[in-house]
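Note that chain A is present in both complexes that follow, paired respectively with chain B and with chain C.
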Partner chain A sequence: MEPRKKIAEVVETSSAEFTAQCYKLDGAPPLGSLVKTKNEPFEIYGVVYNVETHSLDPGRRVVARGENMKTEGEIFRANPQLARLLRTDFKVLVVGYGQGDSLYHYLPQKPAPIHGFVYTCQLEEVRAFTRSLDFLSLLVDARLPISVDEVAAACLRHASEAHPDPQVFLIKAGKELACMLSSDAKRLNSLLKRIR
Partner chain B sequence: MSLDLIRVIGQIVDFAASLKTRERERKSKLDFALKTLKSSAAEFDGLRQKVERSKTTWLVAGPRERIDLCQPAPPCPEDFIVLASDGSHIDADHHQSAHCFLINIGMAHLQYGRNPDAQLFSFPSLYFKDDEVVITSADGRQTPIEGQLLGVKRSVEECRLLAERAGELKADLPLVALLDGSLILWGLAGQTYPDFVVTELLVNGFLNYFDKLKELSRSRQFAVASYISFSRSTEVVNLLRLAICPHQPVDCDRYCPGKFEGRECDVVGGLLDRDLFARLLDPGERSAIFSSRSSVLVKYYGGHEVNFFYIRLDGEVARVEIPLWVAEDEDLVELVHATVVDQCQRGLGYPVALSEAHEQAVVTGADREQFWALVEQVLAEDRIYLESSAKRWSKRTRWT
Partner chain C sequence: MMEGQNSEERARLGTVVSGSLNRGVEVKLDASVSVEDMAVGRYVAIEGEKRRFFGMITDVSLETVDPRAAITPPDISDPFIAQVITGTTTYGKLRVLPMLTIGGDAASILEGPHPAKTVPTHFSEVKLASQRDVELVFGAEDEKRFYVGTPLDMETRVCLNVSEFVKRSNGVFGKSGTGKTFLTRLLLIGMLQKQVAVSLVFDMHSEYGWEGKTEKGYKVKGLKQLFPSKVAIFTLDEESSRRRKVSTDVVVRIGYDEIEPEDIELLRQTLNLTEASTQAVYQLAREFGDRKWLETVLNLTEDASKQLISRLNIHDSTYRNLRRGLENLRRFSFLIPRAPDNSVRRILEYLDRGINVILEFGRFEDFAAYILVANLLSRRIYAKYRENAEREMGGEVAPSHPLVITIEEAHRFLNSEVSARTIFGRIAREMRKYNVTLLVIDQRPSGIDGEVMSQLGTKITCLLDDERDIDSVLTGAAGKSELKSVLSKLETKQQALIFGHAVPMPVVIKTREYGSAQSYKELGFLEAAELKRKTEKDIEDLWAS
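And then the complex of A and B:
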């Protein structure tokens, strides 16, 4: 069993989504992957929908430094303070929660707690959570600053790897999407192309 | 009512024209100054003696090396650490009855080489106890720490934390500790503070921590220096005044009493040291080392007597001050020279460690407002209500 990794901390939170700050620069999980945090007695699950690396101080702009350097790594070795001054944040759309042995594919009563630790989900957890595709409606209906369909497709591709037969999982997900988007053939088509 | 810029623009145009004329005069003065610098460099011993015997109304640099020296930057060690501290403060508010002030010291610890690392800290301290906000003499006289004196107190704290942090580090790598601004506490030197104030802040404070820094240099390759950007010093130009002066020994009060222009030495008047070295030095080079001869140094600094040199960087000529024990050690001078040039390259023109220390220390206008609001809130929660002046209230509440 792969170890559960604590990667970030909640720095902004609401019922439907939260922002987590990574402990390591560029340490965000992949777009569409499932992460979780705890607000006792709930384990809150969410899908990573945006990753951003920026200056910790909004008043200080990042400047280009590598004109005379051979690799990007050299920039960080020559300027060790950068790792302290830059931060990678990622945004997470809440898609369900667990309580005891049960999993629920809708929003929990309580949001993710501020400063809550954020963990990557192990394959077994991803498999268990995505056995039901009820969470897809939360994802497909979400209003995000980036394309929801890109996030949904990335999420399904990522989740498929946790199932014994990824293809079977994706076909099942395609059917679920077909029901949800029956009135929008163009969108459905574009989404299905992304999970093929 | 905001500033009426339309009424100012004509004056700005006049200002530009006057600058243009001044620039032409400055250029010819500079040519002459450089010629004098080079010709007097050859008579090093004569110049030194002339300085020793002179009685001038201005501060003259004491030459320690040939004064036209242009020393290229040596390479940095493979692995080294730069430590820097800088501070800012919130002064006591006279329009409020709670007497307290805040000093925030920022520090940057940057390690370069095979194991690069960075640590950035800030240490905010609130001073409010009776013995913290005033300096008391043995016979009970008191001087409040505020205004310029708070600036001096802040310099002492910058030095204290630098010495503490430097002392905590493993002694395996060369270390340069950088301070911002002059090592001469001009805030104390330029004023007539009572002796017990100078003793407390300078002797028991700043110089005491310099003793600790010097002690560290016995167990590791360690130098301390301060960096002054855009320095307005004229000590080296004043040395040229001395070289030009036809009187022997030089005695301003005797030969030119009450004269402020038309003297022989005024042919280099108005120039700054940085103008001179901008023309003399190539990028990366340092000037000769000079000693500062301020009376406060002679009276108090002893082995920490301040020496200085100029470095030509890509964007400007900076002044670097070092204590005597660094100036007398060639390896340490090289370490400071190499590190400052390297720091400025990494920091896009300004030493990156100092700039990060400043970022940690800086207290913005908004921070000040929030700080006082927090003080009021916490005191109010404890049912302590402060008197506040009508002037303070008027500044906070703008009305028409």
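And then the complex of A and C:
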């Protein structure tokens, strides 16, 4: 297994979700990918659901600077301070935790710790965690500021890549969704179209 | 998935989700099982918590979890979506009628299956019945059980317990051309082979004895060709038999003196007699005696007739109606004033020796001849059997071979108007008391008296599509409405539903093959060369010992 890649730090936390700040500007993991953080003895797993980059100082708005530049890269080269003044945050929906060798697809007793390091998950970990699809109900039932279905679909697409036969995984996940959303054919249809 | 069904490993179909004993349980099909692979009439086994159930699929339906899915169907042109929604939002459902149960403990397994008195618990696993399940239920072929066919889509043999079969009167039904004759031929062979009864067949169309024809015109061997030493062919029409190159054993002649007033009464409709003229027959019989009346009346001159009717106070038109009817009987060349031989005695001699008798009607294929002869002979034979049975009760004689009388167009004998009067009605009702039972063959079971229908032990029915016929056949059967859907979906050829006394549960079979050299061999027929070899060997063995 590759060494774990530390990418961010928890800056805001609650039982169901946390916000992490990336160490690098624009260094957020993709939407829907699985990340984890530690709160001994638990490893808390979550799905990335919202990535935003903003000014570090809420009182100072970012201004446009590239009028006379040829590429976006030039803006950063000409204004090296920007990388320090801007921050990329991402929000994570907690979908389960691990303790020892066991994985649980429901909320942990303790939330992610503030200043906890956030790591991306290796393929093996993604495969292990998504072997059971019980976490989908946490995802599908969540109330998020962005479309839950977009996040769920992105999450499943990512997870499928970790499985030896992505199509089989997606069909299994699709069937799980079909059972959960049996009373909402329209939502199910649009969701299925996003994961095929 | 379907390839596996004949192996020992049974294919899982789904789980029980609801239902009742009366209507049958509902089974949600697994997503991997296509409704298109299911068929009504097929057997399934349900693994309950404490016992196993055997049942029959009686309906297949399509369901959706959300009724809106039916209004805005998902895009199933996309294979992914199609695969996902199968078995989840949309699924197949079976209705299964549990019929037998078998307990889980060793004692119950030895005891064998019992009729189901309850249903399996929720979410019990449902599988296709395996070969072993079917064998467990129907038993393997042995000295009492005769292989009649295979369940739908299975290779297992379904066996009919012929020794139980002959204890009751039975019926073979089905529309014309659905294979009643083939089925009957098989049943006759079964009874013959297992030696559980001797048969007397009133063979209206001469197709059981020597040779029959398939609908496509191929010839198939009759019973006599297959079992020459155990079958005797009697004929009413020697010429027709000779033309067909049938080796007959006895030519039947019936004397006028053997015809009784009751026989004429049965022919009332066929001979177009009025009620009054049938009554007049009794008067004439009293006048001239039971044995002489017919001959005398047929030979009366015009003048003598006039004197007679005025003496007996019979209306002229009644008499003329009767005469016209009776004159019809002259057409039958097998009716002669004095029969040289007593046909009944000859038939009984053969039956006593355990030889099956098939009476061919040759060209006398009309109902008048058939009803007259079948009724007349059966009545006397029955009387002898009855006498014998009574003497047997007194310990005087050994019990006679059980006799099965096969009649075609049974509704002519057993309709509610005449069934109380014909001998067949009586045999059907009294059942096996005197060792005589019926095998009735008919295409219009609704024409048969309900009381007689209800007395039939085992019913074997090919496709029927008239609502009344179906109702009448299924009268009294458990799970009637479910069997109804099975019955009306039978194929037109080679398929039959068997239910009743001789089978532990209703079963749809594909009838055993009959007509190929291989099938004859399986039925115990030896070709001439083989027969010769066997005889020589038997002689050798005899001398060697």
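The rule is simple: the second predicted complex is superposed on the first by the 193 of 196 C-alpha atoms of A that agree within 3 Å, B and C clash if a C-alpha of one lies under 4 Å from a C-alpha of the other, contacts with A are read in each partner's own complex, and residues count from 1 in each chain.
As a working rule, a residue touches a chain if its C-beta (ideal position, glycine included) is under 8 Å from a C-beta of that chain, and two chains touch if they have at least 3 such contacts.
Owing to the predicted nature of the structure, the values given are computational and were not obtained by experimental measurement.
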Fit-or-clash call for chain B and chain C when the two complexes are aligned on chain A: fit
Per-residue touch tally on chain A - higher for chain B or for chain C: C
Contacts of A:175 with chain B and chain C, given as first, second, both or neither: second
First, second, both or neither for A:196, with chain B first and chain C second: second
Partner chain in contact with A:185 - chain B first, chain C second, else both or neither: second
Contacts of A:123 with chain B and chain C, given as first, second, both or neither: neither
Chain B versus chain C as contact partner of A:146, first or second or both or neither: neither
Touching partner for A:63 - first (chain B), second (chain C), both, neither: first
Touching partner for A:79 - first (chain B), second (chain C), both, neither: first
Smallest separation of CA atoms, chain C relative to chain B, angstrom: 50
Partner chain A, residues of chain B touching it in the complex: 108, 110-112, 116-120, 346, 348, 352, 356, 359
Touch list for chain C against partner chain A, complex: 31, 65-66, 68-69, 72, 74-75, 78, 80-81, 83-85, 87-89
Of all residues in chain A, those that touch chain B in their complex: 57, 60, 63, 76-85
Complex interface listing, chain A residues touching chain C: 167, 170-171, 174-175, 177-179, 182-186, 188-189, 192-193, 196
